[in-house]
Amino acid sequence: MTNKQMLAFSKTDLFAAHCGCELLDAGDGRAKARMVLVKEHLNGAGVVHGGAIFTLADFAFAMASNSHGTLALAINVSVSFMKAIKTGELTAEVEEISRNPKLATYAMRVTDESGDLIASLQGTVYRKKDRLPEGQA
Amino acid sequence: MTNKQMLAFSKTDLFAAHCGCELLDAGDGRAKARMVLVKEHLNGAGVVHGGAIFTLADFAFAMASNSHGTLALAINVSVSFMKAIKTGELTAEVEEISRNPKLATYAMRVTDESGDLIASLQGTVYRKKDRLPEGQA
Amino acid sequence: MTNKQMLAFSKTDLFAAHCGCELLDAGDGRAKARMVLVKEHLNGAGVVHGGAIFTLADFAFAMASNSHGTLALAINVSVSFMKAIKTGELTAEVEEISRNPKLATYAMRVTDESGDLIASLQGTVYRKKDRLPEGQA
Amino acid sequence: MTNKQMLAFSKTDLFAAHCGCELLDAGDGRAKARMVLVKEHLNGAGVVHGGAIFTLADFAFAMASNSHGTLALAINVSVSFMKAIKTGELTAEVEEISRNPKLATYAMRVTDESGDLIASLQGTVYRKKDRLPEGQA
């Protein structure tokens, strides 16, 4: 799928929009997305919630793994949290590290504005044969 | 901390509230929370977003790991997604499976209303000596 | 497969034998195995190597996931190490927590002789349609 | 620690030696190790056992995380298996992706002789203040 098609598809992700995730770029197994931090992203300890960080990465993971035009469903993800953050902007970058007809695995990095690593993730999808919905692809 | 203190503390988690997470019960290393599903929880494939499922579990994980009264920070979480879901309600239950003065590990199960397993997670926290904020504990 | 068939199949695992893994029981998605600790299981810090603990669990995971009679290949495993151990015996118990025609997920616990949790693991397999080799099943 | 000190320290890992792991290079948070495959590395399906692949990576992970001269203990590791292999040689390369005084996280890649990715891992250690044993450092 083209970057333009991926940007259109990304708009159909209601939870990502609700959490302030924005796709910057996607295609050919990779994706980049960002989240401008606001107080709704904070947890009870006053730092950005692990769920917000995960959601940004998972959104970019979905865009990367669906960029081949067929439906990919996440099987598992492991996340390591490196550093707490309170304000600014997060960027998630996703790279495909392996792919066969049934399974594909992705490395994801979430960084802050100074480039510090906030979280590192690895996830695998099961690749279905279904094409992505017409209007979305 | 008492269940009442934990319910008060849970209200200070702005991202959890933004995502519709509600604490049902917490204390002594365990917690239970729920999420009533609405269309804002869906992804581009029309099913509940992995980020929403993770956020519910991570919220309950934070409540369980902070229930001893000292600050606990997530180091890592691994999640396996078993089944897609579109509507209804999700419940996350968290149980402490090990704890020493520095580290503690938790098992988390997210189920739907019929009790089917939607996701299974395992996560570890680093336990700081800081007490939770006065007003919150 | 019957417990007897599984015990025969387990003998064909050369690496498990090399590491001192012994199947105690298996069938219907579950398995139990043990490892009597000797000095060859220790690492440079003088405690049992994470690779030895993982191997015992992974061996039982393979027995549990292959117990339905069709070939199952591990996609991913996450392991948390709780406690160091030097001598005695380890037991791994594996339980199936979900299964569909393509994927299945297992929870694994490794304990010492006093029942203390040494490691907790979760893993997912891809289920092929191939039957296990005749002589082994 | 110098590469020479690390090579000496690696020899004290009895389980790694038992499994045929050999350290090629280590220092400053990174390490590289190899395993020449023999039939004792195979599982019941006739391919290299996940436990053998994990052990090679975990050995290199230990060398990388102990290369700063203080004792590091693995808290958790997640592994994704990409491709089955039967013969030849495996190489594990470990890179430090974050480190603070208490915790450090490492990315690990296991490849075959043609450079294909066999497994990808991520793991975190807890860093103790203890120096590594004199004779080993």
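As written, the chains take the letters A, B, C and D, and residue 1 is the first residue of each chain.
Keep in mind that, in the parts below, contacts are C-beta pairs under 8 Å (C-beta built on N, C-alpha and C of every residue); 3 or more make two chains touch, one makes a residue touch a chain.
Since the model is a prediction, treat every value here as computed from it, not as a measurement.
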Notebook entry, point to check: In degrees and to the nearest 5, what turn takes the CA positions of chain C onto those of chain D?
Noted result: 180
Checklist line | Most widely separated chain from chain B, with each centre as the mean of CA atoms | finding: D
Checklist line | Computed distance of Cα centres, chain B from chain A, in Å | finding: 21
Note to self: Measuring centre to centre with CA averages, how many angstrom lie between chain B and chain D?
What the structure shows: 33
Note to self: Which positions in chain B are in touch with at least two other chains?
What the structure shows: 75-76, 78, 80, 124
Item checked: chain D residues touching chain C - in the complex, by the definition given at the top -> 9-10, 12-16, 18-19, 39-45, 48-52, 54-56, 58-59, 62, 66, 71, 73-81, 84, 136
Item checked: Complex contact set, residues of chain A against chain C -> 75-76, 78, 102-103, 124, 126
Notebook entry, point to check: Can you list the residues on chain D that touch chain A in the complex?
Noted result: 78, 80, 82-83, 97-98, 105, 107, 117, 120, 122, 124
